Each structure stands twice: as C-alpha cells, then as structure tokens.
Amino acid sequence: MNIAFIGLGNMGAPMARNLLKAGHHLYLFDLNKAVLAELAAMGGTISTSPKDAAQAGDLVITMLPAAAHVRSVYLNEDGVLAGIRAGTPAVDCSTIDPQTARDISTAAAQQGVDLGDAPVSGGTGGAAAGTLTFMVGASAALFDTLHPVLAQMGRNIVHCGEVGTGQIAKICNNLLLGISMIGVSEAMALGNALGIDTGVLAGIINSSTGRCWSSDTYNPWPGIIDTAPAARGYTGGFGAELMLKDLGLATEAARQAHQPVILGAVAQQLYQAMSLRGEGGLDFSAIVKGYQKPS
Amino acid sequence: MNIAFIGLGNMGAPMARNLLKAGHHLYLFDLNKAVLAELAAMGGTISTSPKDAAQAGDLVITMLPAAAHVRSVYLNEDGVLAGIRAGTPAVDCSTIDPQTARDISTAAAQQGVDLGDAPVSGGTGGAAAGTLTFMVGASAALFDTLHPVLAQMGRNIVHCGEVGTGQIAKICNNLLLGISMIGVSEAMALGNALGIDTGVLAGIINSSTGRCWSSDTYNPWPGIIDTAPAARGYTGGFGAELMLKDLGLATEAARQAHQPVILGAVAQQLYQAMSLRGEGGLDFSAIVKGYQKPS
Amino acid sequence: MNIAFIGLGNMGAPMARNLLKAGHHLYLFDLNKAVLAELAAMGGTISTSPKDAAQAGDLVITMLPAAAHVRSVYLNEDGVLAGIRAGTPAVDCSTIDPQTARDISTAAAQQGVDLGDAPVSGGTGGAAAGTLTFMVGASAALFDTLHPVLAQMGRNIVHCGEVGTGQIAKICNNLLLGISMIGVSEAMALGNALGIDTGVLAGIINSSTGRCWSSDTYNPWPGIIDTAPAARGYTGGFGAELMLKDLGLATEAARQAHQPVILGAVAQQLYQAMSLRGEGGLDFSAIVKGYQKPS
Amino acid sequence: MNIAFIGLGNMGAPMARNLLKAGHHLYLFDLNKAVLAELAAMGGTISTSPKDAAQAGDLVITMLPAAAHVRSVYLNEDGVLAGIRAGTPAVDCSTIDPQTARDISTAAAQQGVDLGDAPVSGGTGGAAAGTLTFMVGASAALFDTLHPVLAQMGRNIVHCGEVGTGQIAKICNNLLLGISMIGVSEAMALGNALGIDTGVLAGIINSSTGRCWSSDTYNPWPGIIDTAPAARGYTGGFGAELMLKDLGLATEAARQAHQPVILGAVAQQLYQAMSLRGEGGLDFSAIVKGYQKPS
C-alpha cells in the first residue's frame, strides 16, 4: 500500500519503520533530514512537502507534536489538503485538543476526505515494539479501513466513536492517570511517614479499593515494582512534561466545555511545580519526590 | 471460646452474630439494650460494663465509632483495662487514628495485655456475610492468636506490622480511594461533556493506565456498572460521611507527621462540600453529582 | 479629534458616549445596528467595516469580547490594519491574553503603527461614569499620546510598561482577586459556623492582616457592606463568568510561561463549578453560596 | 495589682516584662528557670506551680504553646483551677482551638471563675513593644476588667464576643492571611514570568481590587517592601511553622463544624510542603520560593 507518513519524531519514526517492515511503500515528510535519509535507506521515498506526500499516498498518516503543527501540516498552501485526492482516507495520530481534530476533519470533508483521529498510548517503547494502543475517532467505515494498518503498529485498536473521540478518550484517561499517580504518591509517602512497611502497604492497596495501575504496575515508591521507572531513577517512561501537555489539553477542553475538573487542575499545577524545580525531564511518577524530604 | 465483645452497632452486631454462630460464647456490652436483648436470645451473655465483659473473656474484641469511645471503653474506671486479666489477648476493630491505637496498646501492655488494632473494610454487607477484610496491626504472636477468630468474621486477614499499622493501612488506602473516586468522576463527566459515549470511555479507562477500582468496580457514572451504588441512586455502599471521617483521620495523621497530602486535603473538602449540600448520606461515589448540571 | 471606535458592547458603548460628549468625532463600527444608530444620533459617523473606520481616524480604539475578535478586527481583509495610515496611534482596550496583544502589535508595527493594550477595570458602571482604570502597555511616546483621550473615559491611567504589560497587570490582579474572594468567603463562613458575629469578624479582619478589598469593600457575606452585591442578591457587579474568563486567561498564560498557579487553578475550577450550578450570571462574590447550607 | 502569669516563652516573657514595668506584682510560673530568674530580678515572685501562682493572684494570665498545655496548666492537680479563688478573673492568651477554650472556661465557671480567651497578633516584636492586638472572647464584665491590663501589653484590645470568639477571630483571620499570601505569591511570580516589572505590578495591585495586607505591607517578592521579611532573606516575622499551626487549627475547627474550607486546606498543605523542603523556619512569606526557579 502507498502511504504518506508525515511527522517522523520520537514516535513517528519507529511507527513508520514498522510500516516499512510490513511491506508498505511510504512517502515520507519531516523537517529532520537525518531521519528521512535513514528511512529512505529502508525503502521509503522522500517527499518535498506534506502536499507532495499526500498526492502520492492511498492513505495519509500524520504524527505531530501539537495542534499548531497539525493545522499547518494540513491547511498550509503546501499542506496535506492541497495534495490529497478525494476519497483517500487519512488519520492523525497526534495528541491534540478534540476541537482542532474536529476542525481539521471538517476541512478535509469539504474535499471529500474522511479524516479520523487516533492518538496513541504506549510511548516510544510501544512504538518501536509495535504494541501501541490506538484510540480511534472515526466513522465506522473509516475505522474498518484504518484497522489493518494501525494493527501493524499497535496491539489494541479501539474504536471510540466519531472523529474527536479518540482525543477525548486519551485526555480523559490521562487526566485520571495524572491524578491517580499523585494519589498513590501521597498514600505511599504518608504510610511511610507513619511507619508502615511500604511493600506491605502497596500489597494491601493492590488487593483493596485503592487498587490502580499507578500502584500495582507503576508504583512511584522505589522498591515496590522492579520494572517501574522508580526502580531506575525515574528515567525512561512517560515524562512529566508530556503529562503536563496532556493535563493542559484536558483542563483547556474542560474550560471550553464549561466543565469543572478540580483535582485535575491541582494535578496539572503540581506537575508544573515539579517542572519548575527542574524535574520535568523525569518520568511523571517522580512527582513522589515532592512528598519526600530532600536528600 | 469465651469472648468479650464490646460495641454492637451497625458493624459490631453482625460481627458478633457470626461469632455466636461459630459456637463461641460472647459476653456483650453496648448502650443499646435492644441489640443486647437480640444477641442474648442467640445465646450471648449481657455484661454490665466493659470491665465486667473483659473479666469474663479469654479474648476481648471492641468495635466502636471513634477514638473518644475507644479511649473511654478501655481506660475508664469501669473499662476493659480495669477488668482484663494479664495475658488475655485483645483487639480493637474500630477505625481510629494510629496514635490512639498505639497509646491504648501501650496502656494495655503495662498490664500484661497484648492489644492489637484490626480495622475492617467491606461495610455492613461484608460484616453480615462474614467477608470483611481485617487489616491487623499486632505482634506476630498476637496475629497468630487472632487469626482464626477474625477468619470467622472475614475473608482476608492481613498482617500489616506492629500495632497501629492496621489503622495506617486503612487510612492510606482510603485516602487514595477518596482521591481516585473524584478523579474518575472528573474524567467521566469531562468525557460526557466533550461528547464521548461514557460506556466506551469507561471501557477504555478500564483497559488502560487510568484503570482503578473506582472505575472498573464502583464507577460513579450511572449506567456503567450494574452492581455499583450509581445504579441504585447512590443508596447503600460506603457513605460520604464515612469517607469524610477517614479522610479526616488521614489528613490529621499527616499533619502530626508533618507530611503534605495535597490532593487528599482537597478531596476531604469536596466531600465536606457535598455533605453541606445535604448529600452526605449518599454513597461517596455521589461526589460525581457535583460535576453534573443540577436536574 | 477624529477617532475610530470599534466594538460598542456593554463597555464600548458608554466609553464611546463619553468621547462624543468630550467633543471628539467618532467613526463607529459594530455588528449591532441599534447601538450604531443611537451613537450616530449623538453625532457619530457609522463606518461599514473596521478598515473603513480606521481609514478615517487619527486614533483607533477597539473594545472587543475576546482574543479571536481582536485578531479578526485587526487582521482580516477589511480589518483595521488594512485601512489605518502609518503613524496613526492605536489602542486595544479588550481583555485578552498578553501574547495576542503582542502579536497584533507586532503586525501593526510592520505597517508603521504603534499599537498598545489598555484593558480596563471598573465595569459597566465605571464605563458610564467615566471612572475606569486603564492599565496601559505601550511605548512611552504612545502612552503620552493616549493619556488625554483615555482620561476622558477613566480616572486612573496607569503605565504598566511595554505592549502586553497592560494585559499582564490585569490578569495578575484578577488572579489574586479571584483567590482573595474565595479566601474571604471561607473565612466568613467558617466564623459564622463557629459562632462569631460576622460583622465583628469582618471588622477584625479589616483592621488586621487579613485585610483586603474583597473583605473591606466587597465583602461577600450579606449584611456587611451596604454597597456590595451581597446586599442586593449578588446582582450587578462583576459577573462570575467574567471572573472565569480572566482566570482562564491567567492560568493559560501561566501554562505557556511554565509557571505554577496552584490556588489560582483551584479558584478557576470553583467558579466553574458555581457556573455549572447555574449561578454564573451572579456577581462573582456569590461564590460564598457554595459555603452556605442551601436554603 | 497581683497577677499570676503562667507561660514565659518567646511571647509570654516580654508580655510579663511590660506588666512588671507598669508596676504590677507578678507571680510567675514556667519550666524554664533562666527566664524565671531574669524576671525575678525585675521584681517578680517565682511560684512553684500554676496552682501556687493562681492562689496568689488577683488576676490569672496564661500564655502557652498549644491546647494540651492549656489543659494541663488549668486542669492538673497542681493546676490553676486547683488554686484560684472564686471571683478571680482569668484570661488565656494562647492560640488554641475554640472548643478547648470553651471547655476550660466551663470548668472554670464551675468554680466561680470567669475565664476568657484573648489570643494575640503582632509577634515577638509586638510583645516586646507592647503593641500587640488582643482578640478577646469574654463576657462584657470580664472584658471591662481585663481591658486596662491588656492595654499595658497591647495597642488594640478588641471584644469579639463570648468566650471562644477570640480564638475564632484569630483562626479565621489567619486562614485568610495564609491564603492571601499564596495568592500574592502566585500573582507576583506570574507577572514576573510574563515580563512585567514587579514593582509596577505591586503598585497596580495595591491600588486596585487585588489590594491586601500581604501585598501592600508584607509583599513576599524581594525588592517591593523594604520592611518586609522578603528584604532580609525571610528571617524574623511570622514563621511558616506558626502559620501551619494556625491553619491546622482552622481546618480542624472547620472539620468539627462540618464546614468546607477548600483553599484553606490547599494553603495548609502548601505550607506543609514548604516545611518538608526544610524551609519551615523561614517567614511564611517565603512560600513564594515554591514559585521561583531554584537558584
């Protein structure tokens, strides 16, 4: 299949590699020439613009850092919508606000293009291993079209509803995740300060009503989970700056929807304070350091 | 076995019933004469004071509403410590602050009595069914002594460490629970406001990093979990006033330990605001109503 | 003086009236024909577009609801920058984010136009009475040019620094105001619940370290300040929706600057919850109702 | 006048000195022998117990660190109530919870003693200079009796209502103060990050609706107020640990009164986090350091 793939950063490049390995022909665009050269060596074709790539593809996939990039990649003079043929399916895998996802999709529809959103979870590790989760906002027909290709880059391909719902699912999940991680941090640090063994405490929580992914799989307290970032100095994993980005999307979407998110807003500010202390490059579970005496 | 059982309220009475059914002889004390009469009809002996009951028992169990009651039941002139024989094991199943648990245990030790704490989770339903979880703070020897009796009232009997750690485990777990439930409420209400199907959203969360007991077992949004209080108008379950009590214990213990609990403190205040609105008698998951337009 | 005045809403219309009364000739633009007709009857000239008005003015003043309107009024094909002559001073009195203020000013500078920002405080009452405060972000020369005209619409004309600083001053002040009002609400409601006379409490606060405008001038508790919205059912004054808008600008500017605003974010969410309860149309001091038993 | 003065710490000692200078005869009790010796050298008489001091006084004044000390000083076997004569007026100047103040007063009344509460503000500087503010909870008759003596230690002697209201006034004021200081810190730090001159920003706030004592008298940003702790490395002033104590009293009183204090609870936790970072010994305005990049 001829696929236009635009945006080859930390996530996009390994995703494109998996599509190349699966036998697709890729028309590639990014501002980074080194990554273009590397993927060309694997058989991809370098395009001169998003428009150029889109003209050549039977499917368009984009993976970009933020909404502003999505807008320009699709809507600029040399953008995707200037090149894409009517009837070509398209999917944006960037994590952006739901409204922009809908706006771009509406613009695409005016040219006969069905454009969905499919943000991912699983990080750079999941992108390399082809085990990402895709949360897909798309019409039923578009979802059926996209599914086999997305399945070559990921393991869980979830249909969330119409366009925009992929973004909604992701920011709602990450809103809860950002809160839960702080909740676990407070519970573990309090238990430690009060004198219970933290391993025992985690065991009780994980078999009780406090049970959650942030405790049983990704516990922020060192010594609880061998495979969690807490076991390796909070390196790797899901950086606090990325959590900040997602909480910013969630609280801004909430503001536009006139919907309160009280703990979510506090969580965002606590990660922001963590970032101000110079720890934004650590995994987001390092938020627990704010509950420990400085060493 | 002769057991002194003091405190026969909503939790204590069904727990005592299970011990009577298991064949123990109970020496009972409570201020409520009706419940005493009922349990006497099942074979229990009514005592005239905690001291009187303690004198007769080979094991003392207490189940009281708050720390002030525990102090008076143990330390008053006609209290447990005035009657109990040296060497008699004792356990307090009340949910109170860890410091009071330790203080009472220290006072008991001065009379040769090994007193542990074993707060429960599982609610009145679990008490009646004999499926409670006991979080036990006790010496290893006392834990071994208590285990078979507690197992006649509950299903999970967890040894948390020395005296006080049972309380610590419970308040740390419930601190996290109180936070998680609000986190789920905010995520579900935001998703709903933004236009995703709430059933789809819950499904995604429950298989992703937002997964938690408050979402996959006790989801506050109506229509998600048939067995959750949300499906029956937030009746039954774990009342918001009880959550308020536990969050009060957690934040007060944190204050004494000089340990911050930021989201925990906000959560406590949000349940307090819910109570002020007249909804404190509902299950704590009704906190979600604060995120919905009033009907 | 020939002045182009664009944006004649609840604030702009009374401001324009004061300029007409002061003897200026106004070239007016708004989408609302009724207000145009009314001001034309006072001697103003109706323009057909922002461009048309700007062409005729020796000074351009805009007063618009939000950043999106400011962008289109200045940058559209028939916008201010399409008509304004090089060298003509301009000032935007809208309350918007500092970055948009700077962006528009940069665009204006490319055409030889010095454009400042001058958001106001004082509300519709101050606009009618000509007693507004203008917080002006402008070069020193532009400030000197604007001062006499702004002084015909307001009482305090404060130079905050270069362009954008007017907006910064306003959102920082209102961030603090939004927090203080909730602080006063909590203190008054707590004192009332604990049993002190609220008038006595307000008196003590106002002569002590809790002293603030939200307490001594605009106290949210009924019966304290005769002239405050609390004395008239929270009508008039500064609507909660406007406070929400300003807190949204503050937290979004903070997010872009990577700066935490913890209490500010909580305050925003509490006003959002107030709005969800259907009370967004009341004065923002009605936030105190969330701390009182519903009647 | 013969006055029993019990509690001669950082606040009590300078208060007692002012009474000695005013010509009263003092019967002194404290556990610190050095301060007793110093005050005896000024003419005071050393008592052997609170009971001993109370027996000798025509007025009893106490100034103690916390509620537990107040309980023991009044209620112990050798306490004030064991020695005081019926009809002797008494006043406790400690800052404690309103309920303990009322409990002790009730116990005193049973012996014919009218006991009021009169917590102070003004710090050790005000105690030395005799410029304290006394917030007095007392019957009208007791207030009249106490006034001339309190006026020898302070400048503002405010009658707040019946016993307990002195404490209520103090904790409500300091609840608001703790919130306002964080609000000012967030506003100043945000303005600085966005690029306005902080001196200009403070000037605008202080003449606008953000105006408050924490900004115009005690601004936490260095370089704004020459006499504020910010100008001397946050030394002196009102320590963060004392603010933490008062916020703890406020939130605990709120809990008992079933009254939410949302921003107050967050403020308490932020000062607690500041204390955990090792900055609890600084003036409470050093909370602003949490909003600045670490140097």
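For reference, chains read A, B, C and D in written order, and residue numbers begin at 1 within each chain.
Note that in this section a residue touches a chain if its C-beta (ideal position, glycine included) is under 8 Å from a C-beta of that chain, and two chains touch if they have at least 3 such contacts.
This is a predicted model, so every value here is computed, not measured.
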Far-end chain from subunit B, centres as C-alpha averages: C
Of A-B and B-C, whichever chain pair has more C-beta contact pairs: A-B
Distance from subunit B to subunit A - Cα centre to Cα centre, in angstrom: 39
Whole-Å gap between the CA centroids of subunit B and subunit C: 52
Sites on subunit C at which at least two other chains make contact: 254, 258-262, 266, 270, 273, 276, 290-291
Touch list for subunit B against partner subunit A, complex: 98, 121, 133, 135, 156, 158, 160-161, 164-165, 168-169, 171-177, 179-180, 182-184, 186-191, 193-197, 200-201, 203-205, 207-215, 218, 250, 253-254, 257-264, 266-267, 270, 290-291
Subunit C - residues contacting subunit B, complex: 266, 273, 276-278, 290-294
Subunit B - residues contacting subunit D, complex: 248, 251-252, 254-255, 258-262, 265-266, 268-270, 272-273, 275-276
